[in-house]
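A, B, C, D, E, F, G and H are the chain letters, set down in written order, and residue numbers restart from 1 in every chain.
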Amino acid sequence: MSASAPLPPEPSTGPEARLDLGRRQRLGMVEAIWGEHKSAEQLATILAAMQRGGELALATRIDAAKAEAVRERLAATTGLRYHPRARCLTLGDPATAQPAHGEVVVLSGGTSDLPVAAEAQLALHWHGIDCRLLLDVGVAGLQRLLDQLEQLRRARVLIACAGMEGALPTVLAGLLPQPVIGVPVSVGYGVSAGGMAALHGMLASCAPGLTVVNIDNGYGAAMAALRILSDSGQA
Amino acid sequence: MSASAPLPPEPSTGPEARLDLGRRQRLGMVEAIWGEHKSAEQLATILAAMQRGGELALATRIDAAKAEAVRERLAATTGLRYHPRARCLTLGDPATAQPAHGEVVVLSGGTSDLPVAAEAQLALHWHGIDCRLLLDVGVAGLQRLLDQLEQLRRARVLIACAGMEGALPTVLAGLLPQPVIGVPVSVGYGVSAGGMAALHGMLASCAPGLTVVNIDNGYGAAMAALRILSDSGQA
Amino acid sequence: MSASAPLPPEPSTGPEARLDLGRRQRLGMVEAIWGEHKSAEQLATILAAMQRGGELALATRIDAAKAEAVRERLAATTGLRYHPRARCLTLGDPATAQPAHGEVVVLSGGTSDLPVAAEAQLALHWHGIDCRLLLDVGVAGLQRLLDQLEQLRRARVLIACAGMEGALPTVLAGLLPQPVIGVPVSVGYGVSAGGMAALHGMLASCAPGLTVVNIDNGYGAAMAALRILSDSGQA
Amino acid sequence: MSASAPLPPEPSTGPEARLDLGRRQRLGMVEAIWGEHKSAEQLATILAAMQRGGELALATRIDAAKAEAVRERLAATTGLRYHPRARCLTLGDPATAQPAHGEVVVLSGGTSDLPVAAEAQLALHWHGIDCRLLLDVGVAGLQRLLDQLEQLRRARVLIACAGMEGALPTVLAGLLPQPVIGVPVSVGYGVSAGGMAALHGMLASCAPGLTVVNIDNGYGAAMAALRILSDSGQA
Amino acid sequence: MSASAPLPPEPSTGPEARLDLGRRQRLGMVEAIWGEHKSAEQLATILAAMQRGGELALATRIDAAKAEAVRERLAATTGLRYHPRARCLTLGDPATAQPAHGEVVVLSGGTSDLPVAAEAQLALHWHGIDCRLLLDVGVAGLQRLLDQLEQLRRARVLIACAGMEGALPTVLAGLLPQPVIGVPVSVGYGVSAGGMAALHGMLASCAPGLTVVNIDNGYGAAMAALRILSDSGQA
Amino acid sequence: MSASAPLPPEPSTGPEARLDLGRRQRLGMVEAIWGEHKSAEQLATILAAMQRGGELALATRIDAAKAEAVRERLAATTGLRYHPRARCLTLGDPATAQPAHGEVVVLSGGTSDLPVAAEAQLALHWHGIDCRLLLDVGVAGLQRLLDQLEQLRRARVLIACAGMEGALPTVLAGLLPQPVIGVPVSVGYGVSAGGMAALHGMLASCAPGLTVVNIDNGYGAAMAALRILSDSGQA
Amino acid sequence: MSASAPLPPEPSTGPEARLDLGRRQRLGMVEAIWGEHKSAEQLATILAAMQRGGELALATRIDAAKAEAVRERLAATTGLRYHPRARCLTLGDPATAQPAHGEVVVLSGGTSDLPVAAEAQLALHWHGIDCRLLLDVGVAGLQRLLDQLEQLRRARVLIACAGMEGALPTVLAGLLPQPVIGVPVSVGYGVSAGGMAALHGMLASCAPGLTVVNIDNGYGAAMAALRILSDSGQA
Amino acid sequence: MSASAPLPPEPSTGPEARLDLGRRQRLGMVEAIWGEHKSAEQLATILAAMQRGGELALATRIDAAKAEAVRERLAATTGLRYHPRARCLTLGDPATAQPAHGEVVVLSGGTSDLPVAAEAQLALHWHGIDCRLLLDVGVAGLQRLLDQLEQLRRARVLIACAGMEGALPTVLAGLLPQPVIGVPVSVGYGVSAGGMAALHGMLASCAPGLTVVNIDNGYGAAMAALRILSDSGQA
């Protein structure tokens, strides 16, 4: 194809120019990069820029193949690490945080919700918050949840991930007084495909004071918990 | 306006001509009339035709004002009765049915679901099936449901009405082995307005073997229970 | 109509039997009654039962006419009060709560959102939490919000009500580190009628850690804030 | 990538810890595993745990390639069997069940519905219930269905699978008095793509007492039939 | 309020200026006016203009009160006639048309569909086409339809109106070779409210060659039949 | 009801405090008030505050009864004027604007679209822009539009209002090179009820460079035209 | 995996048993097989059965690879032919049909609609109906359509395929009096992805008497045309 | 397969016959080809025809592999060029256009929106309009946008691309008086998947005079800007 043309050159990715470097100071949160719709090349460019700026980074929604492709482009970079269950890449080590025990518990109804729950857990660890996973406590076998009530009572914040009909956070928020953050999961089929039934179930919940984030948004739930825990420290 | 015109006369309602008189014999069900979109005049015409045919009748979704308007048109008719909570009109007395105790239990989470639950109960009574209502057992206060488990274990069929997120039938079907029929209720607001969130929650349920009818369809749930109970009698 | 019939009597409302009296102890929340789909008669029955049980009550979504109809039925009852802007009825006086200043701020973009914001404020006052309203800070005139930033920085929790495109909580959560609870408001027309565009805009937000409740659910946002503030007291 | 990091290790799948071993006793149903969103590795881990616990297992929505990948991981396991038409893996042999003849009939309109119908049939066989398939009885060629009426009259429960407009269960439930369970099938295009038109058609049915399960949920329909048949045995 | 202002006067309705007077010549159809969103004043203005232009007119979706209000405004006009069942106003007498017998049959499942069926019938009569109504032939009592098959075989075009699940046109088009036009009716509740389930059911139909018009569009179905019958006359 | 209570007084409407007085300077637009969800009392309060601030005001979506109720509350106010076709209240006279002729043409397909078209025209007049209405140019009678092409060629901006299938702006933007702004109108029934079909039709248009505003948003289309015309003046 | 098990053998495809062999006699239509959700193996089994029964067959929605796979399985079969543009397989030669010229015209707006238009054309040819394609007559360049009007006036039936906003059938039905069948095409993106905007645009059309089939249903439109043409022959 | 058959030959693509060659003259726009649903073969045929006709061409939505396949088919063609970031093929060089600086600015919130923004920029360059990209100005880090305000004030038209909640154009149109065209981007997940939340957010915007094009329609936004700029030149 013709190489010479009167059209100006294509735009560069540009992200180097305008990283939101003030986010950590403003919100107390590490810059997060949503990886799903970015190419390995775009991710590598962004991560390299962040490292040059002395920033930590957390990139979500990255499958193993894309992670490997990023790694190849950043072979000389130290501190890059892939977390397969959470499908995240991290860059750098969050420094001296001393996670206390038992602050946040992430619950989920089944193995299929694991990637979302693990993303929430990783994002909390990354900000120095301790976080325990409690899997397989779906409401179709209620006893498994009731057995854990005493332990759950000690948590500061509860994050409940659920696909299908999404009833877990409703049951939980009816039993316990802590902040409960519902995370609908896009696991399902028919009316529950894509997570919309779970989302609507959580929003429509008859349990008072349950809040919700977008479908599969484990990172967002973690940041909401971080806001709560930071706030309580502030008081 | 001009009274003479070449156009043919307007059609009559016509229902007299083609009542589904075989339904009682074929399905064992009394003819039911869905009253919501019919005028008092249309209802009176249909009911009069049914009485002439010796049929019993059950008309649903009729508010008090329309019931009164029907009654005025059928002042000479005996056996017409209005049931305000269930919003139904019945014509005639189902003869010698001897309802056994405890066969069906209709549960609901709150007072707002009452009209739907009452419609189901009435439709079952009308076919000679005993039916108990158990209200105020929403999942946000789970203990109220757990307290009733032993009693529920004795029922043959459970009908669970729920608006909002509609989690009641899911919890119920995870605890008990009987047939559970979910009835979504159009009580709610925002994402639960109209009952779609409850419907999707029940269809998406992680509890195995839960079946569902249309939103607010108390009558349909009753007929499904009737099919189950008739079937077991047949065996 | 025939008064004698073999059918059993209609069910009573029944709520007297199974009030969730444990909620205050379990969750630290006053029993709330969703008034929109209940008749004045049902509301009066429930409120009378609560008063007999020594409970406080908060009933939401009640217009002035229904409030008056309830009041007439409960003429002998002391402590009943109607709040027209918040469209709520309250029964009893929450005792010795000493609201601290500046704990929660409820923001909204315009006068049309006022009923939802006022419901949230009332529900917080009712549980002894101080709460300030900040109206007319929509994002189409951004300066009005930026002018308030320093004052907002002192709040413990921010509740942001918005109809139309619902961008206010997104902008807010990008500027401030506290917990931000978005309340979509059903004010709008065309694609924003019913509040779904605002809801989806908040859930899809690019600002990290924003959580959301159902459309128009001022009460729910208040209870979520209560969970956060109670929790921090616990630590 | 860096192997040493201050972050805690990734969560294990965990399902071993909290199998719902009480389900068979509580509901009379074999534990079922929804395979679609699980990796071969996760499935193998779960199945191995179930075998160690002495449980039977039924895993649905598994294509041939994933089934082979599971089998390779569980080469030493006896009793694992793949059912290609039903797309299910089973583990173990349900013991002494003596299926009676003619109890349940699964109908479908066309070859494209076969996987869903076969899943229902397998799930019933797995619980000791006899079940016959009756294919190619779509309503566009009504005679084929009417020809089978006498034979269908002998069934205890009818499960009707249909994609497209989903009219088969409606016609069936208007002709026969038994319990009819509609299973919408995600076969279609345009407005029927994904099965939503069939689902809504079944829920909206003018035939009284038809109940419905989620789209493609052959297993769920089978468990609903099991609840009915168990119940009738109990009487 | 101030009467003098610099703003130009409000626009008039204007329809007088640009009536589509060529429609009758171009398409062979009488000008139709959709009355639902027009005021009595607007309708009277339009009808008067048409009469001055020597045009016949058919206005649809007009309730009795609005019809009366139009009549009062056009007291001096002859040839205005209201058709309560079809909810239409007509102006003038279509001249010498000699309707043949049995050309079009309009079927419907129940009394609630009558206004739509009657609108179709009136629109056909208005264009000189004979049209018979056949009510109460819903698919839940299939025999009533099968009894009429021989008679239906003589029609040139079949128009099938159905609410709820909308299966009537599907069954019909599977049995008979004529053109079948499905008219979804907005009668229903829950998933069938507004007629969308019926519409999708008809579009998704497994019966070949069924065509569909918008929900409640009896007039449109009549015009489609007119196109077919005119065409065949042309050959 | 009890008048004394520990709760703080209800919030005032508050809009007086934070009018966006900078809008006229910032955007060149008069403050507009969306009247649909505001009470007459709220509107009167806002308008009085604007008059005290020396602002002009335009309030949209106000029916005649509400306009009268506002007028009664502001009996002493001069310069208040109601525009019944556009359903708008205006306050004050925009000063010395000298509208040029033929700058914007607002087209619509039928009388039912008139309120939206008139709102756009009024909003343009209010900002000193000349604007002509061209009604009854729907695409079902294409000649009426083609007859106006030469005249339309002289306009600077075209605003095309259409309900039903909304094809008018598509046809227009395929014929003429000016900016075309589509305004979907909520006139219709069945699939076009609420204007969503028209909106989607305009967005999906195969004509290049057509832009769209929200359903019924005549005011918004006018402001978009104002932005275009102001911009061109700037060059 | 274990080969011996107490479970009964898997169901066969079964279609051989219940081909709708009466369809050709009843409706005058060749049996059509919807190929999209069927495997090559299932298709080969069905086609072989039809050939044994002396039936012609038309299978739609088959890509080149699947067609080749079917052909390999039926290597010994004569009369099998693949039509790549229409994505159809045909079996056998429709005998003595003498297609007349100019009976049906299939129009489409662009090259992307070609597969749907070609499917309609093939299905008509297969039933002995002559059919011409007229491509590239989208409404964004209206002149191309207007240039063809005289020729279109000679057609008996018009089938108009359109994606995007789907305005072509509306414009056509406003200009010509013949039966017009709209076929929405799933070509588009954003709001028009999947063809829903085109479908709704056609159903909402302001042009009287336009009928519609499901998205991409070229075969259905052809059968609707066949019904019309057969009917007129019958008169 | 049989090669001889009575069926007529398959239709050709045909586009050669009816290119809309008048578009450039009528609208001032180069013919654009939507490449997503066209095969490489179809594209090559169309491009060759355009070159023979002396037309320039711009084909959008073409990935690198398809571009290469087109190039192979048109190896002898000069002037074909692929633009990977904008995913477009162009044919020919737009002649003597002298782009002025700073006329249009295309803004976007993040790297993921780049393909849509680049498509808009290319389409403007192709028509001789200068256009600058301004990336990474999402509203979650508002300062980055506020820093650019002075520079943005100099643009003639602003095109704002945004996925997720799509708030960028709302904030922009509240700050600046120029024409703002919102382009929703299909980047997101859960409720924002496909771009519908961003689209609705922009349409529902509380900022006056914002207009919107279809999701991902960078080309359409560019043509809307071209209409505006051409218009202003005309004055």
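As a working rule, a residue touches a chain if its C-beta (ideal position, glycine included) is under 8 Å from a C-beta of that chain, and two chains touch if they have at least 3 such contacts.
Note that this is a predicted model, so its numbers are computed, not measured.
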Neighbouring chains shared between chain A and chain H, ordered by label: C
Angle of the C-alpha superposing rotation, chain C to chain F, to the nearest 5 degrees: 90
Of E-G and E-F, pair with higher C-beta contact tally: E-G
Approximate Å spacing (C-alpha centroids) for the pair chain B, chain G: 43
Between chain G and chain H, centroid-to-centroid distance (C-alpha), Å: 33
Multi-partner residues of chain E (at least 2 other chains): 110, 140-141, 174-175, 190-192, 196, 199, 203-205, 208, 214-215
Listing of all chain pairs that touch each other, if any do: A-B, A-C, A-D, A-H, B-C, B-D, B-E, C-F, C-H, D-E, D-G, E-F, E-G, F-G, F-H, G-H
Complex contacts: residues of chain E adjacent to chain F: 1-3, 5-8, 10-11, 13-15, 17-20, 22-23, 34, 36-38, 42, 46, 61, 184, 186, 194-196, 199, 214-217
List of chain H residues in touch with chain F within their complex: 26-29, 32, 156-157, 174-181, 199, 203-205, 208-215, 219-228, 230-232, 234-235
Sites on chain B touched by chain C in the complex: 71, 78-86, 90, 93-94, 110-112, 114, 117-118, 121-122, 125-126, 133, 135-137, 140-141, 143-144, 187, 189-193
Parts of chain B lying in touch with chain A, wherever the complex brings them together: 109-110, 138-142, 164-167, 170-171, 173-175, 188, 190-192, 196-208
